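Structures for review follow.
In the two complexes that follow, chain A is the common piece, with chain B as its partner first and chain C second.
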Partner chain A sequence: MRGLVWERLFWTGPVLLGVSVLVFLLMALIPGDPALALLGPYATEANLDRLRAQMALDAPLWTRYFTWIGQVLQGDFGYAYSVDRPVAEELWERGRATLLLASAGYLVCLLLGVGAGVFAAARQYTWIDRSLSVVSMVGISTPAFWLGLLFVMVFSIHLQWLPSGGIQTFGEDPSAGALLRHLALPALTLGLVAAALVARFVRTQMLEVLRLDFVRTARAKGAGEGRILWCHAVRAGIVPVLPVLGLQAGYVLGGAVYVETVFQWPGLGRMLVEAVTQRDLLLVQGGVLLVATAYVLVNLAADVLQAVLDPRLQK
Partner chain B sequence: MQALDGVDLTLREGRALGIVGESGSGKSTLARILVGLEEPSSGTVLFQGKPLVEALRARSAFHREVQFVFQNSLGALNPRKRIGSILHTHLQILEGGTATEVKARVREVAEAVDLPEDLLERFPHALSGGQAQRVNLARALLTHPRVIVMDEPVAALDVSVQARVLRLLRRLAETFTFTLVFITHDLAVVDYLCDEVCVMREGKVVESGSTADVLTRPHEAYTRALMDASRATSHGMPS
Partner chain C sequence: MKGREEQSLRRRLAGIFFVWLAGCCLCACSGERRPPEDALLIGQAAEPRSLDPHVVTTTNDFRILAQMYEGLVRFQPGTLEVGPGLAERWTVDDGGRRFTFHLREGVRFHDGSVLDAEAVRFNFERLLDPDHPQADTGPFPMSFLFDRIETITTPDERTVVFTLSEPYGPFLSNLAYPSGFIVSPAAVREHGRRFGRHPSGTGPYRLRNWERRQWVELERFEGYRGAPARTPRVVFRALTDENARLTAMVAGELDILLEVPADIIGYFRERPGMAVAEATGPHLWFLILNTREPPFNDRRVRQAVNYAIDKESLVRDLLQDTAVVARGAFADAFAWARDPDLEPYPHDPDRARKLLEEAGAVGTRLHLLAPSSGSGMLEPLPMASAIQADLARVGLDVRIEVFEWNTFLARVNAGLTRPGEMAQMAWMTNDPDTLPSLTLSSTALPEAGGFNSGFFENVELDALLAAARRTTDLDARARYYRQADRLIHEEAPWAFVASWRQNAVHRVEVRGLQLEPSFLFDLAGVEKGARPRPGVSVWRGQLFEAVSLLALPTSTDLKASRRGGGGVHVPGADGSAHLKASNYGPKGAKGAWRVHGNNAGHLPPQQGLPIGWPFTQGVASLALGYRLLPPWGKRGVPPPEDHEEGRQ
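Our next item is the complex of A and B:
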């Protein structure tokens, strides 16, 4: 088990290094002048030159990359000119908001996806199974931003139950209840779309497991249906779905970009959109690297959990 | 499709009944009905004079007394549990008892089926087919059952392992008193293990009686054909 963890951890380094190179090159090779994008069309040539020098834009590409990655490894992500504060501070603040939204969305995804998949498999070919299949197909084909707009229209504009955006209403005292009300629609939007795919995978896997001999044996030995389903079948059926759950965690993190824009959620997704528009290279690089690190670590956790739960995968 | 048609059998306590027939003859369906995994569309199954449906309502009591062993020895074991845990849980659920009692009974039965103690710490994927089938036998024996239904328990094992498991089965049938229903397609196995035999074809019982009578004076051409097929393939039978 330890060997597996170390092996996966070992490969995490090269993956993140690759991501850092890619994101750096992408940002560096986009045509246009970042200094001009930040200072605007009315900036003087002297100011533009000064900012270019501060951002080291005149240095060779490889020097810029190694300077940046060297500083990142020491915890210094540089300065974000578009928001006039250190990148690390901005990432910390925005990252917390995204972590909250992504965790809530992922919780919705897990509860609904796994629950619906197990329920549909346990009642195969009934109207419940068919209805859940249709709903999950619709969920898979629905873009998250469209679902978000639909929720805003129904729950915020027509029913006026929940706020349409932001993390807090202007002029209102911050409280857990207010935060939950603001979190509800974006988390549901993120979670529902991710849950649709999970439900289909869980259903398929559960149907396979429910036909296995050890489940039939449990039934022949007199185990109750509830025990067979939750103690035997779900424990066996969920293991092969863990990598999909890991990928969906990545989807939830990535999906936050659209959802945060729709709901004006002050997280990393919205920050990245703004930073790309303003060509704030260091902020984009830092943001993408943070999301990629989270994505790689979540998938690492899914792999390790899979090995813990399935003794056949342990070396 | 009718899997079984007009099957009328009486299983006598302490005897071993072999149900034999080729694939698709309905013998596995009959086995599943006998342990309550399937319900017959018509007709009744009586267990100790009472309809099986009634016996199944007292779930633990019925499953303590009637046990089932499948053909797929490895597949019948939960791949995520250690062998010891599979056996302990099975006994704990059906009979209860203190941890010490359960442990002692598991050890006793494991010894009876020649399972080394270190094997209880392993996961199913670390067992051979023969070892896995011995675990299944141990599990079936844990609750002192009155009836054990075995559906082709040696068919998936290689010839030498088959012989060892069959020898073990005969020894167990003498040591533990239980009624055995043994589903197989091989008449040589029935001859080795069973007191009575019931030959099935296309869901119907075509011939039944004591194993000695049926095998020495078969009335049906189908039984004779099964005997010929069995003679051609029974080189792995224990002596």
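Our next item is the complex of A and C:
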């Protein structure tokens, strides 16, 4: 068990290093000059040269890579010219916003996905099961940004219950309630689409588990149906779903880009899109590295959790 | 058995309770949230990069800066003519080389420091001198506007004298541009690189709070030299996604929305409670033609392209009147400089074909470079397709090549190299000299670091521009520019297409909003009245509207696909038949809008919360709770396959 964790942690290093090389090369390969992007269409050659020197863009590629990765290892991510502040500050701020949105979305995904899956399995072939299947098929095939727009139409424009976007409304004091109101629609959008797939997996697993002997034994011992379902069956049924849940966590992190755009959520996804169009190399590199780290760690956590829940994997 | 039923009932009741509770939470969250009455909320496409006027380059940022800073001189309302600003008067002598400005008395910056001649000198030295102690607060991309300044002297506290290396007519317009705004030296010294976050100017508003990624909030500066601003607070909200901007406006979260795209402006024109303000600016959208290589080294071919493009139809049908047809290289906004008698090239395919035949260029392969989007580029791809179709009709075979904006700029600024190469381009300028000097004079070839990407060279034009630049007398300059205007029109180094009209949608209770030809505006005189009480709208009848608005984002794509990448288009008898396809042509579009315009009109536009609402909600949650949350009873778990057997 501990060995597994250490082994996986050990491999995290090379994976992230590979990611760093890849993203650095990609950013170097895509056409477009960061200095030109910063100075705009009126850039003169003298100004461009001065800025290129200032940003160390005139050095050879490998020198730039090693300088950058060396500084990153010391905790210095460099300066983001497109937003006029250090990369680390920007990452910290945008990362927090994405973390908030992704965790809220993931919570929605877990509650609805697992709940609906178990519920449907417990009532196989009833109208509830069938309608949940239809809803989850629709969910799987619905793009998040479209669902988001639909929610905005209904809840912001027509019912005027919730704000159409942003993390704060002007003229409103920041409070937990206000934050929740702003979080509601984006988290629901993100969570619902992810939940649809989870629900289908959970239902299939639960149907298998509910036919197993130990469930019959529990029933024979007189355990209540609720207890059998939630205490015995779910624990056994959820283990094979855990990798899917890990992947969905990745989806929630990545899918946040669309949702952040639709709802103007000031998170990492939108930051990356803007940074790429602005050719802000250091910001893109730092951002991708952060997302990759989060992705690797979340999947590590899923594996560890699987080992904890399934005693057979602990050996 | 009875106990079980009781339990089941209890659980059902619990289910009902939870659904009701959730409904209540949602309702508690709702209620009215409208912007504060004393703040003007403005939605725009991006957060400013910085609030240092010397560092930024985009109109998006300039619009905020124009509320906070002032220059020595300023554009007079409604024109691009220069009047007094921080300098109450000025004199020009030494044949246009020496400018002496007399500053107003008692002007203070937001940080309390005094505006004096030294402060003005500090501003321009920081811009121009790489060894200045505060030169590292840059880069200053627009410093070239002032690079003719040789020396700056300050004979007394309120007098500044600029000596230029040569007489330079556009100097005053450049000073009126946001890049010439005066910043507080004390604040720059204090904050250094972070001055852009802690700005200090002399304008009617000062920065109160900059909530990153959310908004920039300005408040009235009580120490302003002129009449105090009418609205106490102004808020610029950054909404980078177009749909998010539109929904925020429709949801009542904004008072003013800037730069509404062509395909959606019609929606706002007909929506009750909204008004549209427009102003034609010094913007020009044109095609650069590679005049160094055939076929565009022949003037007849260049003119043929101008005759072939149906600009009227482009502007009316595709851009929905958010632009006007360009007559020549000088935008209409430069009324004092352009030739008033000059007319745009008419749409005349026959004449174009004749010119092409004379030049022997029928059937030539052309390449049209277009960006996928870009600052001031309007609708680059639909416009490229439209132009492609128009040129195909006179026998020119156009291939469109699309680039991402920054790649596009790098590619085009380096010069058009292939024969028959054309590139879309748009410029927004502050002085009639800027555009031709930077893009058409033979001293501005790409090799020399200029923007003359079509390699157009004309000795007569060079002489006219140089003469106009050396004069500071407005009438004399205007005479040169009129000649230049006619010459450029005749030589047709570009295909002149359109000038963008800046637009803004605002709520009707916002009064006094006037967009300027400089593409900026002055918010100090804008007032915000009380808003009619909004509430929860009934959604019956408005559902259709919601669905229509949802479909809007796809309408641009529709245009693009309809116009086709060349092969799709079927030429009609009328040259512009393809633009009148009922789905997006003026008739079709207006018809479609009218449907839901009327629909909304039947209902009161804003209706209060219906009294029956809590009752309806209660009944709905009861029903929903009962149906969705049946007890975990005997039907709770499906029997295993062999269960039936076991029971028997």
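Going forward, the second predicted complex is superposed on the first by the 315 of 315 C-alpha atoms of A that agree within 3 Å, B and C clash if a C-alpha of one lies under 4 Å from a C-alpha of the other, contacts with A are read in each partner's own complex, and residues count from 1 in each chain.
To be clear about the criterion, a contact is a pair of C-beta atoms (placed from the backbone, for glycine too) under 8 Å apart; a residue touches a chain by one contact, two chains touch by 3 or more.
Since this is a predicted model, take the numbers as computed values, not measurements.
By the touch criterion defined above, A:Arg270 lies against chain C but remains apart from chain B after alignment on the C-alpha atoms of chain A.
When both complexes are overlaid on chain A, the residue A:Asp84 reaches chain C alone and has no touch with chain B.
Using the contact criterion defined above for the overlaid structures, shared-chain residue A:Arg279 touches chain C, although it does not reach chain B.
Annotation for chain A, partner touching more residues between chain B and chain C: C. Of the two partner chains placed by the overlay, only chain B lies in contact with A:Gly222; chain C stays clear of it. By the touch criterion defined above, A:Phe214 lies against chain B but remains apart from chain C after alignment on the C-alpha atoms of chain A. In the superposed model, A:Arg96 makes contact with neither chain B nor chain C.
In the superposition on chain A, chain A positions 216, 219, 224 are in contact with chain B in one complex as well as with chain C in the other.
Taken in their complex, chain B has these residues touching chain A: 35-37, 59-60, 62-64, 67-68, 70, 72, 75-80, 90, 93-94, 123, 125, 136, 139. Looking at the complex, you find that chain C touches chain A at residues 26-27, 29-30, 32-33, 35-36, 39, 41, 49-50, 57-58, 130, 139-144, 196-197, 211-215, 217, 235, 237, 239-241, 243-244, 247-248, 250-253, 375, 404-407, 409-410, 413, 427, 449, 534-537, 539, 542-543, 546, 549-550, 553, 628, 632-638, 640-641, 643.
Residues 212-214, 216-224, 232, 235-236, 239, 309-312 of chain A are the ones that touch chain B when the two sit in their complex. Those residues of chain A that touch chain C in the shared complex are 31-33, 36-47, 50-51, 54, 82-84, 93-94, 122-126, 128, 149-150, 152-154, 156-172, 177, 180-181, 184, 210-211, 215-216, 219, 224-226, 228-229, 261-264, 266, 270, 274, 277, 279.
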